[in-house]
Structure formats: C-alpha cells, structure tokens
C-alpha cells in the first residue's frame, strides 16, 4: 500500500469526516489489537435501555483522536509550540488509551480478573506495540503516563477536561438519543489555553464548561447509572462469577478458548507480568463482547439454576427489579427479600447472593480535590471553575452523589 | 406489570422519542424472538467500512413502526378510515417484517441454508407468535402477506415507497455518516394519500420523491454495494461455506450448539415445515451475529488453510482486493489470478474458488415494472413518478445498474 | 378562500412544519396587525453582534403557538380535559401575546413613549381584534390576563416555564448560532403535568429543567446582555431621545408619518385610552423597525452633531466602547470620561449625556419569589426546582446578577 | 484597535464559527459599503412565503467567504500552490461579489434603474474600495473579473459549482426550512481538484454533485420561483414603476433622500460612469430594503389608486392571484381578465398593466453550454457531469424549464 492510500478519511456520524493524520496512526488503527475495539461496546449493557447505544470503543477512540487533533491545532494557533512528533504522540496516546478494555468495558475489572484494571492492560498493549513499531510509541507512552515534560499534553489525554470525556459525553448522548447530554465540543476546545504548562479555559468559555459539568451529571443519572443498566450489569457480573465458580468445581462450560483461559485458570495481575506475559496478553486480545454473548446463549440452558436463570434473564431482557435510594438498605429488608427468593426458588444461602445483590453507585460532576478545571480571566488570573462560576459553588458541584441499590428477581414482591 | 407501565417511550437517536402504541405491541417487543434482533447488525459487515454502522435490526424495526404510526395518522387526517385494530395490525406487520433475518442479515440466505429466505422465516415466526398471542396477530399476518382487503396497508409495509425503505435509508445514512443519503421521511409521509385503495403521493411531494430515489441510488453505491463491503461479504460467505464443507467431511469445528445444527445437519427449507418445525425454528431463534463472530475468532487458528486464512482476514480487516467493472471479467484474467493465488499459497483447484471469487451486484433505484410510485395531480390524475418527474425518464431511473466484481487476496498482483 | 385552503402549513427552520390549527387562527395570522410582526426583529440590534439574529417576532409567535399546541396535546394525553375552544383560545393568547411590541421590541418602551409597556398595547390590539372577530377572542383575552378559571392555561402563556420562554430560548440560540443555549423543548413539554390546576414538571424532567435554567442564564450573558448589544442599544435609545428633543424644539426631521406622530406629539399612556384611542392605535400599527432604520440613515447627515454622530455610528457599526463591572462606576471616573468627550467634541453638558451613558443590566435565571417551577415527585409531592435540584440551591439560582455599564465614544481613552 | 482584536470569530447558524482570516478582510467587513448588506434580504420577498427567509446578503457573503477558505485549504492539501496573497484575494473577491445588490436584491435591476446590473455596481464598489485600501484589492478584482492567471480561483467565485452557489443553496434551504435543499457543502468541497488550471470534481464526488443539481432544481421550484413569491415580486416591481411614473409627472411622493434620487432623476448606467460617479455611488450605498419598505407603508394611503392598491396588498399580504403554466397565456384570456379588472376598479388601459401582469420564469439545473462541471475519473479522464452521471442525461438535466405566469387581483374571478 502506498503512502497516499494510507491518508484515509473515516466517516463518523458525530463529527462528519475524520482524517487519519499519519501513516503510523493508520497502521496502529489497522492493528488487530485496535481492530478488536470494534467488538467492545462502549456502554456495555446500556443498549438494553437505550437501543441505539451499541456504539463501540473503536468509534470512541477515533472520535477522541479527532478532538485531540483539533485541540492541538487550537493551541498552536494561540502560539504554543507543539512539534509534529509531539502532536502525533499525543494523538497516539489518546487513540490507545482504552485499548486494554475487556468485554463489556467494565465487567472484566469486576469479575473476569478482579484485580486487573484496563489502564494496566492498555499500557501492556502499548508497550508491546511499541516494540513492533521500533520505539515510535515511546513518547506517546510517556504522555499517557504523565511523564512527558509538556504536562498539558497529558492533561488533554487524562484530566477533568480531557478529550476522552469530551468525546464520550457527546458520543454517548448522540447514540442514546439523550439529547440534553450533547455538549459543544468545538466551543470548549476553541476556549482551551495553556498557562504555565497547564491546560486552562479562557473566561469566555465558562458557560460552556458549566454546561459540560451539568451534562456530565445528567448523563450519569440518565445513562451511566440508569437503574435498569445497573440491574443488567449486576446480572452479567453474577453470570461471570458463577461461571468461574462452576469452572473451579470442574464443571464443563461451553466457551471460546480465550474465555476458557479466564474461566478455568485463576488469572491475576501478576500473570500478565511473568514470562507468560506475551502469550496471556495475546489470549486477552482475542476476548471481546462476542465471547460473552455467545456463551450466555448456551449457558441459558445449563443445568445450574443460578447460571441459567441469569443468562435467560439477560438474553431475553427479563431483568432484575431494582430499588435505588440515598441510604444503605436495612439488613432486615435485605434478609426479607433474600428469604422470599430462597423460598420461591428453593436455593441455598450461597446461591442467594447471585439473585439478591446490593451495592452503591456514585458520581461527581467535578472532583474539587483533583487537578482543577481552571478558568483564565482577562487579567491573567486563574480560578477554579468551582469558584469562578456564579452558578456553582464548591459544596454543590463537588459533592459526591451516591445511591444504594438493591436488585432481586422480578415478581418476588 | 400494570398496563400503565407498558405504555413506554423509547429513545431513538434518529427520531427522538418513539412511543410504543399498545400493550400488545409492547409484549411483542419484549418477546425473545424480537429481542434477538438486537444482536443482528442491520448492515452486516458494512461496519468494516463505516465504523458507525453497527446499528441493529431491532432499532430499524422500531423506527419503521414509528413511521407506520405517523403515516396512519396522516392518512386518517386526510379522511381515510383506519380502525384502531387495523392500525395496530399494520404496526405489528412492519414491526415483525424482518424478524426472520439470520446472522448478518443476508449471509444466511446465501450460505447457511441457501434456499431459505428471511421472509419465509419471518412468516413462520409470526405464525408461531400468533398462536402464543391467541390469534391477535391474524390481521397483521394478512397485511404482511398482502391478503388484507385494504391494499394500501400492505403497501405501507412493502412497496417501492414503504416505511421499511423510508426508515432504513434514513437510519443507514445516519449511522454510516453518509449524510447525502438522509431523506426527509416526515415530508414524504405528510404527502401520502390513498386513491382507489392505493398508496399515492400528492404532487407537491414530487421533489421529495425524486430526492428519495436519488438517495436510494446513492446509498446503493456508497454503502450497500460498497466495494470493501462486497469483499468482506465474499469472505464471510466463503467462511461459512468452507465450514459446512469441513463439517460434512466430519472435521470438528468449534461452534455454539445452534450453529452446530446449521453446520452439521443439512438444513433445507422443507426441514422448517416438517414435524420438527417448531424445534428447528427455536434453534434458529438462538442464532445471531455473535455465534458467527465468536466462531470466526476460533477458526482463525484452525488447521485448514482456507478457513483460517479467511477468518484471520475478516477478523483483523485484511480484506480481499476487489475490482469492480461494468462488464463481466474475462475468463483469461480470472484464470491468471487463480494461478497466481494457487502458486503463492500452493492450493488445489477446489480451494482456489474460496480465494478468488467473482459475481455481480446490481441495483435499481426504481423498478418500473413493479407497483409504481404514483403521483396525484391536483386534477386527480395519477402518473407514474418515472413520467411525472421532469428530471427522470423511464429509461434512466428504471435502468438496472449492474457491476461485476472480482475478489482475491491482497498482495497477489 | 375556502376552508380547506385555510388549513395551512408553515415551514419553520426550528421545528420543521407548523400546522395552523384553525380557520380563526389563520385569519388572525393574516391580519395586518399580526403581519406587522414580520417587520420587528425579535432581538433588536443583536444582529450587530450575531449576524444571524434577524429573525422576527412573527416567527417567534408562530413557534410559541406550535409549542402551545404540543403542550395541550401532552396534557390531554395525561387525562386533563381541555375543550377544543379552550385549546384554540390558549393558542390565540400565545399567538398574540407580543403583538404590542414596537420598533426594535424594547426601544419603544424606553424612549418613544416611555411609560407605555408592550403588554398594555398587546391588550389593546387583542380587544380591537376581538370586536372585529365578533367576540371570538374573549376567552383568549381571559387566559392572557390570568382571569380564566383554568389557571394552568395562563401559566402556559406566562410563567417561569411558559411556551414563550421555551420558544425564544431555542429560537434565539438557533439564529445567533450560540448552540449552548439550545434546549430540548419537546422533552420539557413531554414532562409537563397539571396538579391542582397548576403547571408542574414530572420528576424525570428535572435534568431538562436544570439545563433550561442554565441555558437561560447563558443566553443572558452571551446574547441578551451582550456588551456590544448594550452599547448599540444605548445609541438607539439616545437617537430617539435626541430626535424627540429636537422635534420639541421645532426642528424638522425626516420621518414617516407614523413616526412623526410619536416624535412631535407627546404620546403618553392616557392618549391610547381617550377617544383618539382607535386612530392612535392604528398609527402605532404602522410603526416598525423600518421607520427607525430609514430615518437613521437620513439623520446620519443631520446638522445636529449628537444625532448625526449616533446615527452614523449605529449605521456603520462604529459602536460605543463599553465597560461592564459588578459595582456602580465611581462618579469621578464618569466625570473624567465626560470631560474627555466634552473636550474632544466641544459639547455642552446637556449633549454629553447622550455620548456618555451609564446604567445597569441584570438577570435572574430563576425568580424564587414568583410562581415557582414545581417538580412532581413519584409520591405526588411538589418541590420547588430550587430545592428539588441537587445542583442548585436557592441562594445560587435565584440570585439576581447585576452588571453596571459605562458607554462612551470609541477612541476617547 | 490592535491587530489581535481584529482576528475575530463570527457565529453563524449554518456553519458554526466563521473565522475572519486577516486584518484587511476584517476592515472590509467593517466598511459601511459592506455593512449595508445587513439591510438587504438575500431572498427579497420570499419571507412572505417562508417566514424564516429574512436572512441577509451580509450573512451569505460571510458564508461564501468561509467556504472559499475551506476550498483553498483542500486544494492546498492536494498539492496545489496558492500563495497567501492569492488566497486572501480570492476570499475578498467572493466576499464582495454581491456588494452591488440593491434593495430586495433583484428588484433594482428590473425597476429602479432598469439597465444596471448588480455585477456592474459590485465592480464600481470594489474599485472605489481599492483606492481607499491603497490597491490591496487589485488581485481580488482580477479574480472577480476572470483576468487572473489562475483561472480556477475565478471558477471558485463564479462557475456552475462556485462557493457562491454552494453557500446560497445551503443557506436558503436552512432559513426557509425546505430541508430537501440542504446540500453537503463540506463533502463537495473535499472532492474538488484542479486539473489544467480548471476546477473539477473527483469521481467519488459524483453522487454529491448529482444531489447538488437535484437540490438546485428543487429550490428553484419550491423557493426561488415559488408562485406566491413571483406574485409578490410582480407587485413590488409594479410599485416602483408606478412610483417613478408618478414622480415623472411631478407628483410628490414620500421617500428617503436616496430613494428620491432614483425616483425623480432618470438614473441610467452611464450616470454611474460620468464625473458624478462617486457621489451617485455614494447615494446608491444608502439605499436598501428599509427605504422601500418605509415608503410602501406611506404610499399605501396615497391618492393614486394603483400605487395604494399595490402597496396595501404587499404590506398586509393580500397578494395577487397567480396562474402558472408551461404555455404562454392566450391573448383572449389575458384580455378577458383585464376587462374584469378594468370594470371592477374602473381603470384606464395604462393603469391596467399594473394589475394584470404576465411574464415567464425559467431555470436550468445545469447549463450544458457554459463551463461544464467536470468529473475526474481515476484514470485521469475528465467527463462532463451530464455524461458522467448514470442518472442524468444531457437532454434532461440541461433542459431549460420555463413557466409562464399571469397575475391579477384576488377575487376577480
């Protein structure tokens, strides 16, 4: 393939055309590790609530790449020097930042290999690809890890106002159809500035940032922590836990070879780092939503009641009932429901934990204790958005909102 | 669940809110046969060209339902009587019209059970569901089959200007990001009329119809018959054919139990109709995109070269090279390429047919010999769009455009 | 014209199609009093900042009418009885609510006849039209004045969440291109309910209301009180004051006959009510933006320095410099600038007040002391948005934000 | 004003942000000749049919400027050298191409000074401004006149696929709400190429061009030549003709000083070129829609029946009845209607010509005899769109569509 053919344009429903900026980036996108992101839904099981939300991590990564390009162009036009290589590296850093996500994005971290974060695996993938590409990703990795001297490049990749958030908020709003979450990414990006090597926002952009924070909060409660999504998520987590439990007992479960490794071998973080590293990462790279979904359909007729009950429910959208409240649930109430379930399905105590689950979900629109979103006044002063905004005050915008949930089979009460 | 809860609203990125019009419709949507459509991509492998095109048949069916409701409202406001039951039946007919699609929508018809159309299976599903719902779908089935006395209801479900086409053109444009294909469904629907029990378009709507036909043609060449899509499709068809061939020889292939039936038993149309009907349909209802994708990942390391070659290619987007032209390819040219492939991969003649494939794709923006799109003039006259339009003439708009393709492994030439 | 022709559809860039709901409404729209709104810009001189903002009060009135229709439909579908006549009356009330606006919407109230509000004149017009239409507007007038027994109909016309605000926020955002102000009117309207004859919002709609209040506040500072708009406004107010002053002194000024009445006769509120009422209202109905703009072009070469200076400035967009701050300006500072201007242009003390102007602008996103926006919880409780929202608290959202401005000729400092 | 302040951004509802590319361009936009375009409606009286269509020539000129910038960027990225000065000149050429338009865009050419085209006056303005700006517009004028060596720059300004058309089609669709006319300007521009100094379109862009031509044709019949628009236009033309006639007879008519010159002095093309040139152009620069509209309101109560009849009609939207047909109207039919009008209004023969008017309107979606739109095939060949498109053929797409109209007072028949 000649170099001209590699300068491709991709159609994106959100931004229109996305230009792939260089041959190296093109080759990374074509890499099988990256192509795998096509098969991982950005929002896990949210499509059971919002049918449109089946967009993939592949699309999100391209979108974030596009915003990074735009942001770099804006900052350059304001007089900040960013070399061609630095720009490409920042673009690669954001392109690959989520490459370590497993099936259904967050399920893996909670059930398949409980102590392994997707960031950890993203880094492993990047290091592996860096070798394949003769070290051309070294600076991208530095930026990703926050070790590059130009700190603001890392902030574009990961901070309270990074292009990752900008893209996913807009994209998730777009595909769910929750139009109130749509943010003006181009306006926010046009207002970015760098002061003392730190990403800030021009004061004219304050209203856009307010809307961004409001939209973020709205998307949390309407989408990311939608009660039906939580219920479905609990079922999927239960399914994988139960499958691992059965596997441990030596029961035979239908599954793809890659999923087999994660069910039957006790994979932990350290396994990724020992000499088997490379091959385990390769196995991991074969794992995506399809493995889980294909297995669930088979497990739906498994002889284990808990497993088949959960799989059938998830498959045919007979989801848990769920209650949400601001206080933890009373032990008496939980036990009452556990007993109802136990009697109805004639289950033992251990099994019951799969059918009656509690937990909590929380969100912050803004984390006042992390790196702040700073607003640059016309006199050159910097102010935290939480104090610069007339609308917000710290106690309100920085508050963690936490809700407790209690899930159980429908029709129990 | 009480009746109030069943009157749900669904968020749709294309139309905003979609209201589910009745309890019966709600229950049909919740049915596992219908939920299965969530796992069948509307555009098969097109997402390898347009990353956004991973929308499902589930979304399309809801969208078409929404347009049907709107169309019925418009026709009623113009004085045409449509009873509540007829309206619900027309809505159900469109909701379920595609329920018989198999994995990747059209692959099944070409390779899994070659002589079984999706319409045939849609009807089987509807009849089965009709039993479950005590005959409440009888009129819907009549409308679907064109046996209902109000012919125009069938035309809304299936004709050259049905709500099926209106939704898929708009939806496919939306998700691919090919914005030229976007049509004004609401304008077209507002211009619908019924004359002599036949669906027609008011003369003011002629420009919208012209744009609809242009958009249809554009979507054919830019999306539905995109050369890269055709190449990917040929690979998938080859994969399933090869898998069936290996299965016939008794080779063991990883697959889900449902796929197993279709690979190892020679399923034909008549099998669906004999006494095994019900259970075979049930097996079919477990088959979707996931079964195929999960298998392909495993088959990518199968010992059969043809199978693993094709699976690897599809998985990691190393697709066939493809040539498109208006004339059939010369036998000499095909043989020349076959020989190159044969020599490179050391394959026998039988195997070569999987790696070098030819065929043709064609489309008509408008079929002049089928039921016409009639334009209603202000004086009450009806004219075929092909003659009513100043822009088109029959020879142009009604022409079949056919292109021949030749696919082969990249890097061969 | 037959009744069929009167059921017209209007194209609107914001909502698509707007259907005119009845013959009476059609005739009101065709009335010359209403047609006049085509010649009054919704946002006065804002187009000097946002070139797209030249949309008319005519468009806004049609848009608000459309939203009223939608709202009535939603409330009916939730079981609230609204008769056909009440619905038509509410639609007429909103259609005509702004019909009394004078040139440039708010300038009249501040300079042409300083004590006459546009609401007062709207009522006069409605009463006059009611006579012409044989009393068919009586209920509409009752609703407009808040005297109709169904209070919620008045609240749809005028309250903190009326369709007037919903339309103008969305429309002004649309035409200015300030996309952050765009609100989801359809979502808000779908969440409306009536409890105890009072308009409330279902709890699911709380995020949309939050976004509405944020958008409202944003539009205030970015558009309605944009500093350049204020500067232009001050110039226009000065022009009309000066023209009246010169007229009083007997100087001859080019103007249309209608404008002549308002410049040369001292029109006050009582003049509209005395026996001359009808003819004065008729004269007023001939006054619109055109009269002012055509005169300003001529006055730009008037011998009076102040008048010609201001007219030239407004015409060719050489606008005042303006400073905005949260505190009132110090007398010393104002005098310093007045002296600079005086010396530069050799003006007397009286003239200087036209070239150096101070004042203040303020806005509330939400008025906690007026009729509240109440949120209806699932348990039937009502809560003021200011307390129901986790985001806002009363002290923040209900705070009046006031800014002081100081305008003076460019290049003075 | 420092140079930084001059690098402004303008909000545009159609494209979002428009950046003003240089100080010179900024100063031209601020010039009073250009500011005047704010007061000239792009689509004349079309707002009487489509209320949203009150956008100004000012907005269109900025939009076309934006597209020119984009087009230049695209061509540069494809390897074509365009110097900074050439780019700025092309931008200025398109910015000022319509600066010579008079009130209501096309009325002037037909009635105020019948033999003076707006292009002629645009050139006069450009030459005048060139003097003011020390010759910096010389190259822009060359490009405008087609005298610049890089022919393709002129083609971007004026040809069958110039940025003028691209902007006005999209913008007029946007503001009228006729969404079928919306074209994908960015896609078309991305497909532009230059071959042998001539603007062509890459073959991939052929469908976009087809849609562009369809949209163009649609906009002609739905908007530009809408029958109600034609009727209103005929009334306005009649008004100005009648006013000139009365002026010639010495009757006193209310009008602004600038309009006075054009009514009472017989202005012809040569007047613009003689020594009075400069001052006449200056007078012309004071003329815009406001002068006409303000006068019409006054003339509506003029004693001349014809004048007041037409003015009242236009003002209050009591427009002519109009018939459209493909053949010229029979003399007998015209005379029959003339007699009806004569008898009803008791008019003489000369007056009757103002109330019964005939004429024709025609459009070509594509002019096959002018510079063609050429499609560049992958093998480097160029083909006229009329032959390259499978959809069109020359006889269809290049055909002039002509319609004859007959206008007369409503209620006559």
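As written, the chain order gives the labels A, B, C and D, with residue 1 at the start of each chain.
Just so it is clear, a residue touches a chain if its C-beta (ideal position, glycine included) is under 8 Å from a C-beta of that chain, and two chains touch if they have at least 3 such contacts.
As the structure is a computational prediction, the values presented were derived from the model and not from experiment.
Student: Out of A-D, C-D or B-D, which pair touches the same way A-C does, with over half the contact pairs the same?
Tutor: More than half of the contact pairs of A-C reappear in B-D.
Student: Taking each chain's centre as the mean of its Cα atoms, which chain lies farthest from chain D?
Tutor: A
Student: List the centre-to-centre spacing of chain B and chain D in whole Å, with centres computed as mean CA coordinates.
Tutor: Spacing between the chain centres: roughly 45 Å.
Student: For chain A versus chain B, what separation do you get between their C-alpha means, in angstrom?
Tutor: Computed from C-alpha means, the inter-chain centre distance equals 32 Å.
Student: Please compute the C-alpha centroid of chain B, do the same for chain C, then give the distance between them in whole Å.
Tutor: 51
Student: Of all the residues in chain D, which ones touch at least 2 other chains?
Tutor: 16, 179, 187
Student: With touch defined as at the start, can you tell me which chain A residues reach chain B in the complex?
Tutor: Touch list, chain A to chain B: 10-13, 16, 30, 32, 35, 38-39, 47-48, 50-52, 54-56, 58-59, 62, 174-179, 254, 256-258, 286, 289-291, 293-295, 297-298, 315-317.
Student: Across the complex, what residues on chain C touch chain A?
Tutor: Against chain A, the touching part of chain C is residues 179-180, 184, 187, 207-208, 210-211, 214-215, 217-218, 221-222, 365, 390-393, 396-397, 399, 401.
Student: Which chain D residues qualify as touching chain A in the complex?
Tutor: 9, 16-17, 186-187, 190
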